[in-house]
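Each chain gets a letter, A, B, C, D and E, in the order it is written, and its residues are counted from 1.
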């Protein structure tokens, strides 16, 4: 019989195009509707999706064998042409998924069931990346004039903005942006009964509720069944509430502070003529002034994994031995500042988003207080994400808080974007707004791009070590993402913060 | 008279634009609308005399008063103050000092937030007529005494006084700059009779003592009679009759003047039925053609409807001028009206 | 003939923060059917207050604190609101001073007339409308049949006052309280309205209390006249006697203050000073501080209305008992 | 001066004030609020604006009388370890400052415009009133949102925080002036034709002087009433803006910001973070409104 | 009449132009849509290209005139955030806001007028005093606090009413209505009360003071003197006369309702234009914000027109041109 899940989160997808917006809110809906070649297991490891087998035939050629009998929601059968088309579509300039296919040259359909993907250069993590590329119907896209992803930048509306045609477990039944998106079970999905896809949900009603309090009220009053991003402070109450449960789990997203280590004088500070952040001792001092455990306990209410490194363990390349923090020691921080020539401290403005990460604004205020106590008088400037990003993307900052997710689950993604020097290459250093620059780091990043196996891991390990020594960032914690739901709903928690309804069971 | 009159009004006119806003006018295709509040009034006031203007509400009396003191600019014609164009005269503080005005409403004519002494002293200060605070206070005290108040009253605020007392304060303020010429716009019509008598007495007294010249405005014929040397009767922005006070009462010529006299209630119970003037006062925006009084006039004929009568001296009386075709053509009943001589001992009037 | 209205010792008070003000004190008079009683006096003397007390519409916090008002022999000053409402309009009509504000601007005059009549008389809509037109004609509104559907602002001031009169008369009351019906009007219109009121009163045999401070209007219209001063009646009597030979020093002074139309006088008699405020009415005779004939008793004892021959005046000069102390008996000015 | 005081105490106003217990009570509450706010730096138990004194360990302490309460923090602490009572006192300071300044600002603008429009009449009048009309077309919080956005974009960002307060004041103030302008214009139109003004004109007193010494004192009465009532609105508007996240910076929170911050903790049981500032805000606005209401009735002779 | 309406509309044009200029000029600076739209990965060239695509490199005047030209045709382009025509977006959201506003306005008007009349007529009854106190509390409570408290009480504690959203809606062409379903009606209650409460108290106070004013007039006194019944006087004569000023202010207040809907919709997650606006502000979605602002202005102009027409209906004095009537 009908089993409906009413699901709420703070944001709403802004398109239904499978290759246009690489944003969690879009993916969380689309991945119910579309299948990639490779899917993920509950521990985020790879599993066969539309491809049943894949092999690296040559260093730059991969071959995928497709599953048989798969049909799109509108009835057409899945062919190799569709897969080749989808990869090419993701390669289009209007696609936001370029980072997943950056090494791909092109894709060709070898026969009905076989697709070859030709690379520009060897890519050790191609399969991981392809798990993020959805497969669409070629004939459907052509019929609706959507052979390239919707260009959100050119302000255009395409058929795919509001319509879908995937092979996935759910069909898009109706959609009102910002109000309600309804997904209906695709009984003909190939995966039902396969590999533990034992979900029994027949209908998913997604409704964005931006206000935290309202979202929680709705869960408590039984108006929604599942809330993906409950505010941390409400967890206790939710746990205590009858009929509601909270499941916790880590997220692949790390929160850190980054400093302007490039300018000769800070934009927002009272130190004239020099940049204190260029001095390693100052960076260490600020690092050691932070009582991250207190933040973990109070502001994060235990829902964080305190860290000393760049990414969490789910990410390929993680080294436990490098995940060590400089200890919290205010006295030492003061001493270091004094050594660096700032016995009286200095003042600085901390830029901070206020609606992007979990309790982002509060964390900044916590840190401002902690820094102030060692003499670094800190003003917090918090803004909504739009103006915040607009500002820091102009390098217009002295120190800022950022959170970084790793959708590829590979170390390169973080190092390349956050720590490589910005040299104009696609992806290098584009989120490095402190303009940290160390030739050694750049060399290591280049090695990560091409090396494979042991050599590559060695490069990553060395880079992580350098990260600890150089303190370009002050790492804080990895976020944990608790999910709250009514007790009769079971959805496995995922570290990529994506619900997979094919596994969801409603009693 | 050989001496230059204190004030001369020549063909004085003042129109008001009462059109609706441009946009609405354009849309409803109507033209501008002008209200001719005063339309061609001429008179002169010799030194030391009183000219009174009477007429019903809205006939333009106050407008004349304001034109004369320079609060309005004339649309046409001019005012001469001692032979000097008013605009020029008012540019000079010394001349400005010499004309003052007393207003109708004793409640609105004093700034409620000011002390009486400040109100009275304002002109003195403005014209720099007293050196030092002591001199100023003394002068104010003197003025208050002059109008029958106590110098101690200067400390008080206007609301602590009765209507009649306020009018005295008003007069004190007007006198404070030693003016020669006073325009009095209905100074007593808001007052009770017993108080009105006090104020009229005071004004007459001051005129005698200080040789003041008055332009006195009222709608009350009996009051006007007590104070005037000459009287002008206004109707719809025009003078219809201008005559020495005695003559006007003994021998009114213009049918409107006669009607006014008729309309005054009779304190002597003669049992005579009054004959009220028929009809209503027409709107000054669309005055009747020809003589403005013709719709209400018992003597009106075709000419009255068509042509505006000029202010002419009728043959019989020397000093009177009347604007009436009937009088000009001698169609009117004999000058001395029945009312005047029969009503010996009559006291009358709206208080 | 029994009087239609009797006012006995009427006393009206206003409780205020500085104690109770007595606005009317010991006012007594009566009006016979078809008679016009004029009430004169200076501003604030209590003329309107008397009228308001009679129609039972004293503005709160004012209240009748003593005395009686009888209409056709029945007491009406203590009736409950609803019963008094049925008397208002039906038995006592009222006319107010300012015709520009006494008509509801949002309804046609016809509607207001019909509403009034139907409140008091059992009339069908059609009859009521017919009568409304009839009333408008009666008060001299030309083309009444068309004008009945006009709004008040479409009439001039004089016309509006006619409408007000028709409204006061339309339920054919036995008594009309007219509070300064002509003060706001032009001199020439005033005469028209007075003439109209007189005619109507005579034709319908309606009694009328005519409040005004215009002696001329009174002289011409009233049969008897009451002169009020500081909330009390100073003198009451036939109009001719009061005008010609007022006995009370105040009414005499009032008459003398009126500027004569037929001659120029050097000096108007007038009365020095002004009427006292309600909060400071002197002991004894309220007029004593301004009175030229004041003597000791006036400052202590309040005079009752005393017979003076032709009128009754509240003045100790006319008390035989005080004759000895009095200065020479005043002559009429 | 003494006599002025004596007169003030003898006046009708004082009398009607004494007679109304509600008014007296609200005056007392307002006085407590104002004093608490003004004297915050001296009497507040902590200084919530001094980051160096904050300790995250103190966060989320319930009020002193509750089970885990800490007598050091009478009304508990918030998520940053700030003392709620002190935060309220300092916050009320900001709220009052914004409210008063905004009202003073709109009063000055409104009175000036109203006087000019009413006194000059003609084209100046219609132009100014047209502007007021257009301004009235936008509801006040929209205007405030707009102004805030524009100023933030228009000025260099170093000065943002310094001027944030002025921006809020301006944003709130600018939306209220037409009300003052209209009232003042209305009374000015009446006053300027009163005879005492004419008398001054005949003497030849200059227009500006007449406006200031004669007209202004006589039109200011209703302005005072509107100003008082507007004070309540201004404080609320500031709170609403802060609630929407565009108010004063969160490191120096106003009452509205405190409520917004506390709002996140309402369901989680830490009610004191939002409830106490909420009560403080309501008390402040309510007492001001009660006073304004009373003033309006007391100054309106017809309501006596 | 026709001329009157036409002149009103002509007068509205400059107002709308100014609003257009303000909304355009102001929002052109509020935020930078570029960085939002680029997402996590982009090159400098993509950035420049985007700025060019959006026309953000053109002169202010060019941008403005393009804006006006398009706006006049109801064309505000595509939302940066949602890539859908703004007109459509607003069209979809308008019914929600309008239904909410209508409900709130009706509550405010009906209850406000009734309470205002009552307190005006019975100045000293205890119920009047209670109403007055209530009204003061009403204007002293920040609307967002009211909303939160209502949710806390009626949704979380009592569980009677939904805490967010519109419930089930029924679609009539492009208009979606929540009036026809039980859940839709239930969902309306709390937001409508929150939104209406403030205006309700304002209207109540306004009606009361107007009522007191009118009851003091001569024509009411005269109506009493004619012996008319209390009902006729209070409702026939007094109430109708209070309507004239009440209409103006109430008109302005209704505009205020739509503006304050921003707050209410945020609290209740009501899928209306206000929520869209706030979401757009967060994303610096200029076209949506500009369109919203223009729409608000248009609504105001519309309301003012209706107010003027109501004047016409209520007050016969306005039906003739000024000055045609006699009297001074």
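Just a few scattered comments:
Just so we're on the same page, a residue touches a chain if its C-beta (ideal position, glycine included) is under 8 Å from a C-beta of that chain, and two chains touch if they have at least 3 such contacts.
None of these values were measured; they are calculated from a predicted model.
Separation of subunit A from subunit B in touch steps, taking the shortest path, is 2.
Each step here moves to a touching chain, and the least such steps from subunit A to subunit D number 1.
More contacting C-beta pairs link the chains of A-E than the other of the two pairs B-D and A-E. If each chain is reduced to the centroid of its CA atoms, subunit B and subunit C end up 31 Å from each other.
Centre-to-centre spacing of subunit C and subunit E amounts to 53 Å, using the average Cα coordinate of each chain.
Here the CA centre of subunit B is 54 Å from the CA centre of subunit E. Residue positions of subunit C touching 2 or more other chains: 156.
Annotation for subunit D: residues touching 2 or more other chains are 152, 263, 266-267.
Residue positions 213, 217, 220, 384, 387 of subunit A each touch two or more of the other chains. Chain contact summary for the complex, subunit D toward subunit A: residues 50-52, 54-57, 59-60, 79-81, 152, 157-158, 160-161, 245, 249-251, 263-270.
Only residues 217-219, 221-230, 232, 236-237, 240-241, 314-317, 320, 325-328 of subunit E touch subunit C when the two sit together in their complex. The touching residues of subunit B, counted against subunit D in their complex, run 66, 69-71, 90, 93, 96, 99-101, 103-105, 108-113, 119, 122-123, 126-127, 170, 173, 177.
Residues of subunit D touching subunit E in their complex: 133-134, 136-142, 145-146, 149-150, 152-154, 232-233, 236, 239-240, 243-244, 256, 259, 263, 266-267, 278, 281-282, 285-286, 289-290, 293, 302-303. Residue ranges on subunit E touching subunit A, taken from their complex, read 31-44, 46, 49-50, 53-54, 77-85, 89, 92, 148, 151-152, 155-156, 159, 162-166, 266-269, 271, 275-276, 279, 282-284.
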